[in-house]
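You will see chain A twice below: alongside chain B first, and alongside chain C after that.
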Partner chain A sequence: MRIWKKAFGWIKPQEKLIFEDKNTDISSDKQPLSANLEINLALLGKLMGEAQDLIIREFSLGHDEHRAAVVLIDGLAEKELVNEQILNPLMLEIRFEIPRGSNELFNRIKKYGIPNTAIKEDYTIDGVINDILTGNTVLLLEGVDRALMISSQGWKDRSISEPITESVVRGPRDGFTETLRTNTTLIRRRIKSPDLRLEGIKIGTRTQTDVVIAYLNGVAKKDVVDEVRTRLESIKIDGVLESGYIEEFIEDRPLSPFPQVERSERPDKVASALLEGRVAILVDTTPFVLMVPTVFFQFIQASEDYYERYYIGSMIRVLRVLALMVSITLPAIYIALTSFHHEMIPTPLALSIASSREAVPFPAVGEALIMGIFFEILREAGIRLPRPTGQAVSIVGALVIGQAAVEAGIVSQAMVIVVALTGISSFAIPAYNAAVAGILLRVPLVILAGFFGLFGILTGLSLILIHLCGLKVFGINYLSIVTSAGEGEYKDFVVRAPWWSMFHRAGRITGKSKKKT
Partner chain B sequence: MKSPDKQAVITNTQFGALVSSILWPTIIGYGGGIMAREAGRDMWIGGILGIVNSLILAFILIYVGGKFPGKTIVEYCPKLVGFIPGKALGLLLCLYFLFGAYQSVAIYVHHMNDFLLTETPFAVITVIYVLVVCYLVWHGPEVIARLSVIGIAAALVFSFLVFLATLQEINFDRILPLLDMGLAPIANAGLTATSFIGPNILVIAMVLPLVKVKEKAGRPAAAGLLLGGILFTFYFIAELMVMGPHVTALMRVACMDLVRSLQITQYLHRFESFMVTLWYWSMLVQAGILTYCAVQAFQQIFGLKKINIISVVTTGILLGGLTYVFAFNRTLFLNFLEGPWDYISLPVYTGIPVLLLTFCLIRRR
Partner chain C sequence: MERKLFLIILMLCCSLFIAGCWNSREIDQLAFVMGIGLDKTQEGNIKITVQVAKPSTFSKSPSGGSDNEKSFWVASSEGKTIFEAIRNMATFSSRRIFWAHNKVIIIGEKMARDDISEILDFFCRNPELRLRTWIAVTPGEAGKILEREPGMEKDPSSAIENVINQTVWTGKCYRVMLKDFLEDYLSTATYPVAARIVSKDDSSNIKMSGSAVFNQNKLAGWLNEKETRGLLWLKGQLSSSIMVIPCPLDGRPLSIELIGSKADIKSEFDGQIPRFTVDALASGNLSEQACQTDFTNMDNLRKLEKALASAIKDDLESVTKAAQTGIGLDFPGYNHYLHRQHKDRWHELVEKWPGLFKKADIIIHVKAMIPRETLFARPLNPVKHNNVNKIRIEASNEITR
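Up next, the complex of A and B:
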């Protein structure tokens, strides 16, 4: 038998293309690579559906002795880099002696032939396709059942710019982009510590979206990091196009109107969260980075609070708390006072309100609902329209429609003021998702106030507070700063203490390393 | 995805806040008028007597509870006094807590229906409020304890505003001379004060197993009792100094009449609605924890561990029913609190702790 193999082993039977064999399921692409280049290329082409942007460049090394091919996706891979670092060194400037054996050649190419920082081998079609789809270039050789993946990602991406949704007066102007590596770099630039951990994971059976779990080892609680990893790994979805997909999967209470995951486009904010011991989740193709665990009062904090002097930062925070309360309760309080508890309003003001409501045919609750809905429509239209038009629509809508509605006797002047104040207050909340949660809570409170006055408001607020007191995010109580502030938490609540007196991180969130110094 | 459930834990600070926030709201509601009728201008001394009584009883409960770590009073009663008497005591405590919760609900509903929402049916307010209380109970003691921190903060603002508003009106002569009616009426007022806060003292024995550092539970309990006591005693003094003992004695809900007679500058000339808003949170915490204790006591008599939705709903129906049937008639409710309630409450809030302490000492636990 051995002699037979030695004598005739070079005569290999014609390999059958996998997809030509009806018994082979090509959708399950956990196939090992073949040593036959033609089969590998055909299989790749077939599995990629003969994609129009798939580039297969075949060439020969050393006087047609060895056939080879590079495979890449046009647009995802940087062609100049492929030419300079792969094709040029292999086709024109080969700097080693080409051996006869294909495997030996493969090893030499890997060792001497590709001047690239990141190369690796793979043995499966599945691995090859995944790499091609992430922008890498694959080198295949005739007679070798391995592939060399060469890093060549180089798609067009947005440059780093100031985040539109989180602009600040004082603070860094850079923002995350849609490219994961750029985003991790922005964090690395701020935290130059070997304790910064960036764990990669792919989510989405079809999109294979790269997700990175970032945390500071020793500063973040191990339980929280493990819980984040477990929750991310258990996500079953075919595609992740934005971090919002992941946010919904990892929330503790999906039915709660309150946002349970903080998000930001600002690298400084994420770096600050990591330094507090929180965990960041970066998702490829979106500039919005998620941060957990989150407590309620983080939504009224902005990164600028820490850049301005402490009393200015604290004063702005107090204003935001006031704005939050106004945005949720002002219309309900107005309705309760004008409909049920007139005695609380000073007499001249009560008379003024009564005279302005004289011609209005609707009850106060109806007025508030109508005006509130139109205000939100105006706001939404202002966001969706192109910026110059959007501003014009908002201003014209607010001024003209408001004035016309008052003159037509549909709403009272007092109600226009109340709704406008409520709307403006909601803009003062730095987190958009928290501001929208305010709208969701405002409407039931308005209805309850319309039916039961102060009793209705108290009932509504009780339900909200009970819900908040019971809400836990990654094991940490959502209202923890209010109901049981731990070490270091008092100093960074509504009022922020000066930097030189904040020695400790928030005890509830942080792992072993409690001290900031 | 939900965070893993853990055993409910109340921090020592929350425990203190819970004790203080449940101590003061009902006694200032109906207690002021009743105690003024009993002790006149010395009613505030009755309040202090009530605090002293409460402190002694609380320490007895913490001492006995410390001998049975992780167990509530209903759970360790059978171990101390025997199975059947212990279960009977558990049932008695369950009814006592239920009655305390009913009182709390009724007093709140009276405030709403008699002063702020006079045209809304009594039943509607009762049903809505009981639903809120049941929702709170369903969330468990941890949430109630957290809410109590907000409750006590609101209580402090309440007292500060009362202080501000009464500054112009106070007259020290109205509480002098001391011991005007002798010692017996003061003792009687002290008994009334303790009867009002009795169910709240026994709450300590029900939530003690949940306190984080049980060995140091005495300090927050004492601080809570003192703070709660100061809050209602201060209010009694304010009532006396502003309205005088005779006018206070004429009132059914003296606290409401006091805030209605006050103003903070000409712009806040009627701010009772705002004061009710601040008072409400302590009221809700009180109704919530008493109802929770009633539900928990009932379940522990039958060996059930986790809060059961059926128990909460049944207790809610009982609460609403009791309030509607017995509290709709305000005179009946007031007469009951002023008369028989002292004699019903005294054997429970004093008798049970003393009995358990005696058994504890006899059995050398």
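Up next, the complex of A and C:
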């Protein structure tokens, strides 16, 4: 029993957070600002650990001897902007009488002194440091126990470029970047509606990552939005570096091999999800945006299906369904047929398989597992290696291993064909996470087929189907459309109906099927 | 709870290893039987001959053996029963004999004359053997047929299978699958008929020619190609054939391809003796002519249709004669029509039907049509300078007419 717990105990989702750190000095420190500039600056410097990129610029206001200081992080804040909008007006072009009282001075500066769109006040050291760390600039005045925070974010940023993981032949070519603001802009540009709601939330006790919940008010189901908010708020983690962290926290069934949250780096895809009534979760520092609720068949749909004419879009979707089936079952079926049900193969094919398997030392199931593992290793190596080397790997993999292994009689030609077909089919599935999840299903099916033949395959597929039928994502059946469909929902399934015939929004997501407005 | 779950999973995992693989066989460990030949030996034993495909010769790769290597292997073994003979095969076959891809069963004449009930029982009892196998009878020894190296195919059985498939174009052979043969065999009133396969003596090829008629479990007699075509007519299975008939005007041969064939059989009673009227309706295309007759002329065409009808009538009469006086069995199945059309009297007749059939009156009417006159071309007639004028005159005569 103990071994069991040791081996599998981690599977249970933990209520208590492992990462929680009681001794965080940042969150517990609610120390107010002092009226003394020296003390404030010293405290800031101490709390930041005299960071090498921390800039503290002390100066005097105009010709007066009233002391002030700006604090910013080099690289996060745009220095040009600080010079032009803070230092220049306050040092050289000050346009008002400097009053005696320090608080009066602070108010005047806030009112007349700084030509910047976003400024705000804060009273605590903690707030000041948070702002500095997000790239804002802090203005501190001698004799004032408040700080003025001036928006000055401007770090080096990747420009908008074509998404690599989801390229299209036809369709917009912009992709999300690592900057949250750019990403929300890309969505705003597509949906110019006041109903587009962007709710901010910070996740990660140390990373303080900005997360935005985006949805269309009045279209998205309110329960789902609330549920998303609740789940996001209950996340306790020290750091969020990618939306994958959040994906794992908000999944309904963490043990399922099936991905339950769709992700994309295409703004058009996210915009279309919002229009369907789904909720998008944007995370700062990653171009991958999450979309919930997700159903199974979304993984065979690509944004291009909607841009090409509906014949083409539908045909490609049918192909993808085929590719999905092939990628999950083909090796298993091959093994079942060649080791149990020889009578089901047409005679010429049976003879040709038999001839290619002659002198192969392994049983078909072992052959399939070996080749399957080699294929996955090749695929993985191809992804991780730098581009030029990656090509060399594929040449070595395809030619040397494939050809030589067949000629040496270690594997049969038929198996190489089966493995290659399976691998290529899995790449025809647009969602990479779903394609990789296919491996998790393929291997057990191969083993079952090796032991029990078609009976084993059917058992395995039945188990998968039972699991899928029970799966719910944010209150919506994972297999919906197949299991239950509302008005007009079949129009956007394996076959996509033309746009002029799709009047309704899917009721399963929006709560009730209603006409598009 | 968790303990229980753990135990259940553990038990399931164990069952994976104890239950698995009991009939798992790698495909390269099998000997694919392509054809079976069954013979009776002098001592009364059953001799089974199998033709097994050699997979290595079927691969395209250069390592797959030289061109001179035979791509099949013929082996035979003997036993008191079929199953014993098959099991005896394991004493010398390096691979497990696998029957599911069998294409054709050939029965030797001696075996067929003796008893085929054992064959039929075994072949429908064994799940590995398919009922969609062609069945054929050969005069002589069945094992010899399987050793004939075919010209086109790699192994004799595939060649035989294809030849049997081709017989739809000639109508000279009664092809039948095991399942249909069994149906006829088990039926109370039908006499099963199988294809007849012979080896052409001059070459290594085999030939499908005629058919074999069984009386229950014994071979009763052979039908030649002409009679077989008549039988196919009566059974409504003739899909195509070539009728070669003499030209009604100058006697030189013509070939007509049958494109439609239908026989309507009606029965009535003349006292106690049943009388059958066969109304056959044929349509054909003129596909070749050696005579110079112009069949775009309707009168000539009518004559041709008459000639075709009489040729078909000849076929039908020949098989009826074979059934009534030769073999003496109602294998064309006239009794079905009597049964269907005279349900009330059938039960008193069924006992004496074999005798009654020989006395039955069978009248055959054939109507033949050659439609699609518009597709006719005039026979090719080279126009030489010395008789151009003659032709022109004929042509002008035709126009004025």
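Keep in mind that, in the parts below, the second predicted complex is superposed on the first by the 482 of 517 C-alpha atoms of A that agree within 3 Å, B and C clash if a C-alpha of one lies under 4 Å from a C-alpha of the other, contacts with A are read in each partner's own complex, and residues count from 1 in each chain.
Heads up, the rule we're going with is that a residue touches a chain if its C-beta (ideal position, glycine included) is under 8 Å from a C-beta of that chain, and two chains touch if they have at least 3 such contacts.
The model shown is predicted, which means the values in this text are computed figures rather than measured ones.
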For this session: Would you mind checking whether chain B and chain C clash or fit side by side on chain A after the superposition?
Result: fit
Exercise. Is A:F427 contacted by the first partner chain B, the second partner chain C, both or neither?
Worked result: neither
For this session: Identify the partner contact of A:G453: answer first if only chain B is touched, second if only chain C is, both if each is, neither if none is.
Result: both
For this session: Check whether A:E343 is in contact with chain B, with chain C, with both or with neither, and answer first, second, both or neither.
Result: both
For this session: Check the residue A:Q413 against both partner chains and state whether it touches chain B (first), chain C (second), both, or neither.
Result: second
For this session: Answer with first, second, both or neither: which of chain B and chain C does A:F96 touch in the superposed model?
Result: neither
For this session: Scan A:F249 for contacts with chain B and chain C and give back first, second, both or neither.
Result: first
Exercise. Given the touch rule stated above, what does A:L351 touch, chain B (first), chain C (second), both, or neither?
Worked result: second
Problem set entry | chain B and chain C, minimum CA distance [Å, superposed model] | 5
Problem set entry | Shared chain A contacts, counted only where both chain B and chain C touch the same residue | 340, 343, 452-453
Exercise. What does chain A use to touch chain C in their complex?
Worked result: 1, 4, 338-340, 342-343, 345, 347-348, 350-360, 363-364, 407, 413, 450-453
Exercise. Considering the complex alone, what residue numbers of chain A touch chain B?
Worked result: 227, 231, 234, 249-253, 336, 340-341, 343-344, 346, 452-455, 457-459, 462-463, 465-466, 469-470, 472-475, 477, 479, 482-484
Exercise. So in the complex, which bits of chain C are touching chain A?
Worked result: 2-3, 6, 16, 19-21, 23-28, 30, 32, 34, 53, 55-59, 61, 63-64, 98, 100-101, 103, 128, 130, 158
Exercise. Considering the complex alone, what residue numbers of chain B touch chain A?
Worked result: 1-4, 6, 11, 13-14, 112, 116-117, 120, 125, 128-129, 132, 135-136, 139-140, 142-143, 145-147, 149-150, 266-271, 273-274, 276-277, 280, 284
